[in-house]
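Note that subunit A is present in both complexes that follow, paired respectively with subunit B and with subunit C.
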Partner chain A sequence: MTGRMNRLLKGERKESLWFASGLFILAGIWQAMSLFFSPLVLPSPMETLESLLNLLTSGDSRRDFYVSAYRVLTALIAVIVVGTGIGVVSGFKPRLESLLKPVQDILIAIPPVALIMLVIFLFGSGSPQTIMVAGALVFPLIYGNTVAAVRTVDRDLLEMTGVFNVSGKVRLRDIYLPSVIFSSLPNILLAAGLMVRIVVMAEVIVGVTVGIGDALIIARVNLAAREIFAWMLVMVAVVLIIEGVLLYTIKKYLLRWQVQG
Partner chain B sequence: MLIFENVKKSFNNRLIIDGISFKIEDNHILAILGPSGIGKTTILRIAAGAIMPDAGKIESDRQKVGFIFQEHRLIPWRTALANITFVLKSDKRLAPKERMQIGMAMLERLGLKGFEHYYPAQLSGGMRQRVSIGRAFAIKPDLLLMDEPFTGLDLELKASLQEMLIELLEWRPITMIYVTHDPRDAVLIADETIILTGNPGKIADRIEFHCPRRERDQKYVHENTMKLVEQLSK
Partner chain C sequence: MRAFIGSLNKRLYIGGAIIILLGWEVAARTIAPGTLPSLGETWNSLILVHENGKLWQHLPVSLARSLIGFGIGAAIGFIAGAPAAFNRHFYYLLKPLIGSLLSFPAVVVVMVGMVWFGMGSAVAIFITALFTFPLIYMSTVEGVRMMDAQLLEMAGVYRISKWNLWWNIYLPALTTALLSGFAFAAGTAFRKTVMAELLGSHDGVGYALAMTRFNLDTAELFAWVIVCLFVAAGIKLLLVMPVHKYLRLRNPPEGERSDWKNE
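This part shows the complex of A and B:
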């Protein structure tokens, strides 16, 4: 088993090297392009890093960051719990799935901006509205995957539980839920990244008074492109950290049963 | 005791088994022998209660049924120990600690002590099949159904698993139906064999092995295997 883990880690090291090379090339292109534009439009990487340091040391910026992070996590946890819960029930009850299909289709089809406008008209602006919009936009992803996962649970395992007379409760807890969770993991990762983008976009449009979205509005008003770029770096870093932490947790704890001996 | 009386079963309007009748006495092992697709597994699934026959009668006083599948069918995200204790969860009289004790004792008997926290992916094919056999014995079944559990294994591994199975049957005698397409397996393990032939599957012959299992030497196994082969090729 150790040998295989080492091979896996070696593979990850190689991937990290290519990732770092990609970042380096991108920074080079950015630096080259910044030579042709005014710093008011396209600041250089160094100028952006300076702004980033200022953001990191500013109490207001830290507060913006924490508030946005809180919204992202709240919406993500809520959508995972609600989307998985309703998805499991819909997986067993096709009628409920049909009943919810229009809602699912509408949430997939309408542009996020239109939904944000609708929420503002109906419920006004604020933090709960931002969380509601972000959750609603990611809901179809988690819900749809859960329904599909329930329907594709290994038939052989289910037959085994039937033959051994395993109760429905144990079957749900030990077969259905783990199957759903394991097949949902890639989508949860995707949802986490998507959630950061949607929350910040919703913050900008809803017009909250604290958060990264609010900081971006202020930067735009002040024509501070450096700050906008710095916040973009923060968001990229947040997505990478969320994905990294989630991936590590998934590999280390949730999917350790997949590592062959 | 388990009695099948004139049992018939069709799938998609195609008759698979036609008028199957047999009786298994307590703690006896019946092997069902026949080529692939003849309805052997259908008989097992009917005996397990997984499907209902279209016609005929089944008499059984069986409460607990154990099943050893051709593939191990272990839960991939549960350890070897958890896979065994999983099937014990339905028995509400057993406390979690007792389930663990039964599971550990079973793994020890299977020669898998030290592997209790290994996941199926970390075990060899033979080890997985051992856990699957242990899972079936752990519930102390009244009826054990085996669906070609040694298919696809190399000869050495197959021999060691068969030996382990015979030891388990000596330790805990069980009424058993053993489906196989290998006549030698039937001679090694069963007390009686029925041979299915035709399309739909019907019982062509019934052969009993009176010699105790441990006293079946190579000559006995060979002679009876040839007898079964002869019947199969008729």
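This part shows the complex of A and C:
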């Protein structure tokens, strides 16, 4: 047992060693390339970090960050409520699913920028519009997953509840709910990572007065490449924390539960 | 036809689409006349962009850009993905690069691209290639990893020749991986091109979209959105569905990967 554990740990250590060298090489290439170009075009890693520190200490930038984070959270909560709600109903009623499929298909197929333009035309620009677009673009992901989750509920378990005359309420609470939550959690994190990127894109195109998108537009007008890079680092860090760390932890936890369950 | 829409009811699907169109028409006439163009106005606008040549000026440009970007990204993704699939060390070496590419917000990369290349085709092609690359890379790695372990074991037991191994096991697995990657990434490539054009180009569908905002021409905006949807449908009909059909013949059906946007 311990031998196996040791082997496993050794393997993991070796993997992280390769991972770290990959990161190192990447930074090295970045540094090397920045020597050939002016900092206006490609700032070096150090310059970007310096700019990142400036962002973190400046009140304006922090406000931009919080406002964008607020939009991400609002849109995410709205889309989880709406997407899961409609998704559960569609899961039970295949006809509704067919009826709603064109909406889902259109939202998947439409280029996000085209949807953003539509919303600007119809509702003007501003913060609620940004939240609306972001919610609409993430909706198919949450909705589709919920439908699939309801459909793939353990058939054997359901059959057994039929045999033992389990009430509908208990069936919903003890079988459907855990199954939907189980498969939704990783998906919600995926949606959160996606949402961060979509909200910032919507901010840039819709045109808002505060937020990361606004900071990016100003940085571009000022030709401040290092600031754009610093914001990029911020967003990559946020997305990696959501998709890498949180998703990994939850998946590991869920998998453990599944094996023991 | 069942393979086409799976468990879906085709009649209800068409019904849903008709309800959307009807709702649109009603809203255009009653709730927001003047803001929301009606079906007829949108159709006229579509005919207009066809007749005045705008459609045939911008659409081929966008298609060419997404094709070139897709080609470059797919080639690099495959060249990097094949060795990474067979060698775990190489896979972990590339992981930071792929991870950060996947978490890059496209719009920020477009801005960096505009600083580097100025306005024009280069930005759109660069963005498209950059975002196609990790998708093809991942599906190549996944495809090879999912290669039938039993088949490989049997090949080992019967000591089949290297050539036989490549021709009959590795090559089909790589082809499968590549095809499913193509189907997965093609739609994304077009959407990325349009986004890059909207911000950083003087032609293409994205630029045409941006111009409608400038001219406040809502009907034309809707016409371009419909063009985009037609392109997406074309990709699905001509590439995604044949590929899925072909793959299903070779492999037992598995959970379909949901096509979510990676912005």
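One rule holds for everything that comes next: the second predicted complex is superposed on the first by the 223 of 261 C-alpha atoms of A that agree within 3 Å, B and C clash if a C-alpha of one lies under 4 Å from a C-alpha of the other, contacts with A are read in each partner's own complex, and residues count from 1 in each chain.
Assume a contact is a pair of C-beta atoms (placed from the backbone, for glycine too) under 8 Å apart; a residue touches a chain by one contact, two chains touch by 3 or more.
Here the structure is a predicted model, which is why all the values come from computation and not from measurement.
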First (subunit B), second (subunit C), both or neither touched by A:81: neither
Touching partner for A:182 - first (subunit B), second (subunit C), both, neither: first
Residue contacts with subunit A in the superposition, subunit B compared against subunit C: C
Which of subunit B and subunit C A:216 touches, first, second, both or neither: second
Touched partner set for A:46, first subunit B, second subunit C, both or neither: neither
Subunit B versus subunit C as contact partner of A:114, first or second or both or neither: second
Touched partner set for A:164, first subunit B, second subunit C, both or neither: first
Residues of subunit A defined as touching subunit B within the complex: 1, 156-157, 159-160, 162-167, 170, 174-175, 178, 182, 256-261
Subunit C-facing residues of subunit A, complex: 14-16, 18-19, 21-23, 25-26, 40-42, 94-95, 97-103, 106, 108-115, 117-118, 120-122, 137, 140-141, 144-145, 148, 190, 193-194, 196-198, 200-201, 204-205, 213, 216, 219-220, 223, 225, 228-229, 231-232, 235-236, 239-240, 243-244
Footprint of subunit A on subunit C - complex, ascending: 5, 7-10, 12-13, 15-17, 19-20, 32, 35-36, 88-89, 92-97, 99-100, 102-109, 111-112, 114-116, 187, 190-191, 194-195, 198-199, 206, 209-210, 212-213, 218, 221-222, 224-225, 228-229, 232-233, 236, 255, 258-263
Complex interface listing, subunit B residues touching subunit A: 48-50, 64-67, 69, 71, 73, 75-78, 86-87, 89-90, 118-124, 135, 139, 145
